[in-house]
Amino acid sequence: MIRAGIVGATGYGGRELLRLLTAHSGVELTALASTSVSGETLDEALPAFRKLHTLDFESFDAEALAKKCDVVFVGVPSKASMEPVAALRAAGVRVIDIGADFRLKDTAAYAQYYKTDHTAAHLLPESVYGLVPWYREALRGAMLVAVPGCYPISILTPVRALLDVDGAGGTPAVPGANREIGGPRAGETPAVQAPLVPGLPIVVDSISGISGAGKGTSEAFHFPEMNENLKAYKIGNHQHIPEIEQELGFRAVVQFTPHVAPITRGILTTITLRPEHAFDPAPYFARYESEPFVRVLGEGVLPEVKHVRGSNFCDFGWVMDKRTGNLVIVSAIDNLMGGTAGMALQCMNLMFGLDETMGLRYGGMAP
Amino acid sequence: MIRAGIVGATGYGGRELLRLLTAHSGVELTALASTSVSGETLDEALPAFRKLHTLDFESFDAEALAKKCDVVFVGVPSKASMEPVAALRAAGVRVIDIGADFRLKDTAAYAQYYKTDHTAAHLLPESVYGLVPWYREALRGAMLVAVPGCYPISILTPVRALLDVDGAGGTPAVPGANREIGGPRAGETPAVQAPLVPGLPIVVDSISGISGAGKGTSEAFHFPEMNENLKAYKIGNHQHIPEIEQELGFRAVVQFTPHVAPITRGILTTITLRPEHAFDPAPYFARYESEPFVRVLGEGVLPEVKHVRGSNFCDFGWVMDKRTGNLVIVSAIDNLMGGTAGMALQCMNLMFGLDETMGLRYGGMAP
Amino acid sequence: MIRAGIVGATGYGGRELLRLLTAHSGVELTALASTSVSGETLDEALPAFRKLHTLDFESFDAEALAKKCDVVFVGVPSKASMEPVAALRAAGVRVIDIGADFRLKDTAAYAQYYKTDHTAAHLLPESVYGLVPWYREALRGAMLVAVPGCYPISILTPVRALLDVDGAGGTPAVPGANREIGGPRAGETPAVQAPLVPGLPIVVDSISGISGAGKGTSEAFHFPEMNENLKAYKIGNHQHIPEIEQELGFRAVVQFTPHVAPITRGILTTITLRPEHAFDPAPYFARYESEPFVRVLGEGVLPEVKHVRGSNFCDFGWVMDKRTGNLVIVSAIDNLMGGTAGMALQCMNLMFGLDETMGLRYGGMAP
Amino acid sequence: MIRAGIVGATGYGGRELLRLLTAHSGVELTALASTSVSGETLDEALPAFRKLHTLDFESFDAEALAKKCDVVFVGVPSKASMEPVAALRAAGVRVIDIGADFRLKDTAAYAQYYKTDHTAAHLLPESVYGLVPWYREALRGAMLVAVPGCYPISILTPVRALLDVDGAGGTPAVPGANREIGGPRAGETPAVQAPLVPGLPIVVDSISGISGAGKGTSEAFHFPEMNENLKAYKIGNHQHIPEIEQELGFRAVVQFTPHVAPITRGILTTITLRPEHAFDPAPYFARYESEPFVRVLGEGVLPEVKHVRGSNFCDFGWVMDKRTGNLVIVSAIDNLMGGTAGMALQCMNLMFGLDETMGLRYGGMAP
């Protein structure tokens, strides 16, 4: 049994980790640390888990956690995970961070989008980007995993295959670790790319459920303000943009417009690309046939959030529009599971040599 | 591995069974029968389960199913399960029916509330009412289980303990089977009852999510008609009334008013009782301490649907109102899981000697 | 043109007043006062009203408002309206308070339920309870109106007619003002009451949309926490209980259990009463035939929130359950309109001799 | 008083017309015709309007309607309005059609997208496209108005001003009627266009509430299937595409991807355009300053559906993204009001010389 701990178990990502780990037959949950609920019992803070655990919250203590745990999941807000992750790594325990702090390799980009300096940059080289289909080998030996953002997962899954395909049907383009991502290196054979018009941004309009904004209250997400509402936000300056472009090898610029809709879980992403001529994208996606949690629906078959809710799947389909000459791809994930906690568990399964799908074989919860 | 089949896997109860069985490590799914989707593949009919199963739908054939399965779950509309259940039982296979047809022992009541004669009354004596905390022993050997209705589960869990408590903290009042329910028999030591004013109906107002009405479309549940709407329906003549009163041993009349609210899953039930004097109901609920899926929250602690969604729990708490002299109990379940498919799996686990909680250790999906 | 001002226009009741007054052809809006948005323009604070008004927010100044306005609506939180209402009345302007502070005649009850002393008790005698069908005459000359609470409107409309009916089909039982309410006076001919069993509380289970909780943010009503959720709260101690019982003339005790459901607007109330024998309640409701905004649906016809959303109507129907002997009544209102701002405008129309229905002739917004 | 009738009052557009006309002080409703509810009373078919009207449904009879009405609104499904509109026009009454049948000038495009031949093509020359800000003068004398589709209103309002601006701040580019639209005619001075890269489709991703799909039931929009769901549909082949391109004067190709979200009312549209260089779009939108129901929010100020719900407004704002070089515009309307019935009433007000804003001065219903 793998001994796992969670730091930040009351956040939305943390609760989902707790939910999935509770039902995972290869894991024993040995520690729950939280800053916001110290002193409260698990029953009081998370009534949904009554009668399932006898654990109580403890204050964060990296040394203590390292003794009790083989792996620690960290689910704290952006900017707040640098410090605990550094302490945990210093104490020697493997860490899976579901936050944003160890995804960007470029600390200048981090400073620009997160408005603070990175205080644990020494860990960035060992941090493996946890996009399983592309970093599987690197993840097996990883000591620190940065789970991708939810929007990026919904975007990278289809688009990276178009831009960066290696023809080998599974071997990641950059086998060692993701630190090498960042555009073709000198002397590298260029990857086979889909025939996209160069120089045009890829247009990405995503719609997210409100759990993506976290559990912090705000007038914007007060129920009567958000119910029956739709809006766009952070056009062109969302903090996931540098992450997406990094993981596209800087081979494309992304025009990213996130939207929110009054649902709790789920992301639907619509991606419009401009090819030089009509082409069949199916071969670029063939690499996903063996992926357990990527479902390529095909031409004209479109995903729905309900089919992935409560699951670890990323579903996508597309339309090659002959009238306009554009390729439109639509993808769907559950932002908390396939977009966060499920992907984190898949990373953990790989890190510890378990069956990769263990604790994750859920169909979509529809209805 | 228990070999399980599902008849009616595209209905809402059936889909939830499929979701739970897919993740259940003691079960191999060996057959899916459906009348509505014959010819369609599972991928087409239930896209939420793509990449998880290679099974396809087959037409209903009791003999064939009995060969492939150790147990068959039947999830078809009310009145439609009498025939397939009878055929399956005749073929010798154990059956768990999540529908209504084998719950009522009184065929006259069945005819009155379901507007049709019962065509398989010979099976009623062997049918065990699948309310696990009260029929656990009978369920172990059961060949036919009638899973309780969703509303009844939310009502019986608290109220039966008040009316029918046996003092032994776990042994069901009627150990053999539920056919003996129907009021105290001659010579029976009267059960210890809470001090309720006799002759007054128990007032039960339940609020249900719309999945409880099934997948059949109607103008009433067309999205724009039901979204942002609330209503009551079938006041005093809902078909769950005779089931509730049967399982209260006919010791109380129930004034049952069901309501619908625009959520997909969940039931919240508010029960108002008139005691002869203020009393502490906690001792009547002590029997649930060892129940894995009943959570007694206590005086002044009220349940919420979000804490049980996606779980097998029934949560309840209460207020003994000194000003009015009434006892008000509030309970919550997920109608599709704790109220249907989860309870069905718990029955199956018991029937086959598995750990009762296997495949069911889920905390509430909040958010 | 009546010159009207609003104090607290950014609260939910205040916004609805602004919406209705904007479309009311007999009113000129002359002042908007707010404490929370001083300095902000109306466009910034309430973008929904851009291009409709050139007014800006001003700080609260009773003398200034009294000069500009014939009537001032006050929509501030409970306990916060005593001071501004007293100042406005001292300045001589007529006031319609949509809050709770001037509804209870008994200051001890106020102190008990609102946890503070009443600082403007001298105004209680002149305060008219704005339940139009019952206080119409008193409202015509009123200088201070206390608009009823939303739950009370949904409860009193059907129940008061059963308890307190005067047989005159429209004349209020207590013509002068509501201060005389409080049980039959010495020498008064007893009102004709429905044959209810004496001594039993009336069981009232109401379900409210979240706008009823106001615009203040809280974890409880953060979108992902309340969406897809149902819960009960404040069982037996909600602050509307003394208001309801006062307006029932203290002829009944009310067992009131409020619930919340994930909708923005609307209240559905289910009332269970115990008659001594079956009876036809229709004659008790005949007085509402001439009421413009009360719709008596009849036996077996149940209201829905969607049919009253965005309207000033209170709809109700009932079932006399012969099996149980109970009478179950279900009523529906839009808490912000028929339950607050619409009722307030109807009072204003009466106070100023306008057609009572002016600015209020809206059918339900369905869908 | 203008005497108005509605054909198809039980459809969603028709219900909204009924709601708005009921509160419109310049209109007397003189006839309601329906095919689906003949025999039923208005109270039964539309309980939301009880106590507001004494009218009952009549069968469709063009001659009878023409006698009773100065104008008839037709709100029937696509393809079903050709026949009644032709009959009504033959009987001499003015008609406002909220359906799709008289919007396209090109009958071949109609046949291609609506899969049927146009049977009333003789009326197309007199049909005025009811996009008020652009056809105001033509509407004053119109005998037949085709109210634009809801998606097109949300798209054309911002984009037409960029492509087709005439510099005169209000005079429509094509003053006579919209039959002249169809690209610059020989000898016409080209309009001043925004500096967009020629040859690239404009990318439009719209999100609609479910009322846009009408009241017909389907599994797709059964509450439990659509609640908590998001999906795209009809990519590249939605029937509004030829309407949008016609009204852009065929100066742009539109890549239109409609989505649905679980709200009842509202459309949010995100439009991504590729300029040749960064520019300030504000001057192109200056023409809307005097428009009563277009609110230009400005750079960086984004609209929300809640601010236009229950109103006749189209709100839009934009971001000129310097990093990518794209212009992203976001617009919002209430599909049933500003996108259908409100726009229809504004047309009627113009046709009959009333104040254009009469019966339409509603702020957004938020919450």
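Per-chain residue numbering starts at 1, and chain names A, B, C and D are given in the order in which the chains are listed.
Here, a residue touches a chain if its C-beta (ideal position, glycine included) is under 8 Å from a C-beta of that chain, and two chains touch if they have at least 3 such contacts.
Just so it is clear, the model here is predicted, and its values are computed rather than measured.
Q: Which pair wins on C-beta contacts, B-C or A-B?
A: When the contacts at B-C and A-B are counted, B-C has more.
Q: Centre to centre, using CA atoms, which chain is the farthest one from chain B?
A: Max centre-to-centre separation from chain B belongs to D.
Q: Roughly how far is chain A from chain C, centre to centre by C-alpha average, rounded to an integer in Å?
A: About 48 Å, centre to centre.
Q: Report the inter-centroid distance (CA atoms only) between chain B and chain C in whole Å.
A: Here the centre of chain C sits 40 Å away from the centre of chain B.
Q: For chain A and chain B, let me know how many angstrom lie between their CA-based centres, rounded off.
A: That pair's centroid distance is 37 Å.
Q: What positions in chain A touch 2 or more of the other chains?
A: In chain A, 12, 209, 211, 215, 224-225, 227-228, 262-265, 304, 306, 366-367 touch at least two other chains.
Q: Where on chain A does chain C make contact in their complex?
A: Residues 12, 209-211, 215, 217-219, 221-228, 262-264 of chain A touch chain C in their complex.
Q: Under the definition above, what is the set of chain C residues touching chain B in their complex?
A: Against chain B, the touching part of chain C is residues 200-201, 203, 205, 207, 209, 224-225, 227-233, 235-236, 253-255, 257, 259, 261-266, 268, 270, 272, 274, 302-306, 309, 319, 321, 323-326, 328, 330, 332, 366-367.
Q: Mind pulling up the chain B residues that touch chain A in the complex?
A: Against chain A, the touching part of chain B is residues 12, 15, 18-19, 22-23, 25, 46-52, 211, 215, 228, 264-265, 292-293, 295, 297, 304, 306-308, 310-311, 313, 315, 336, 361-367.
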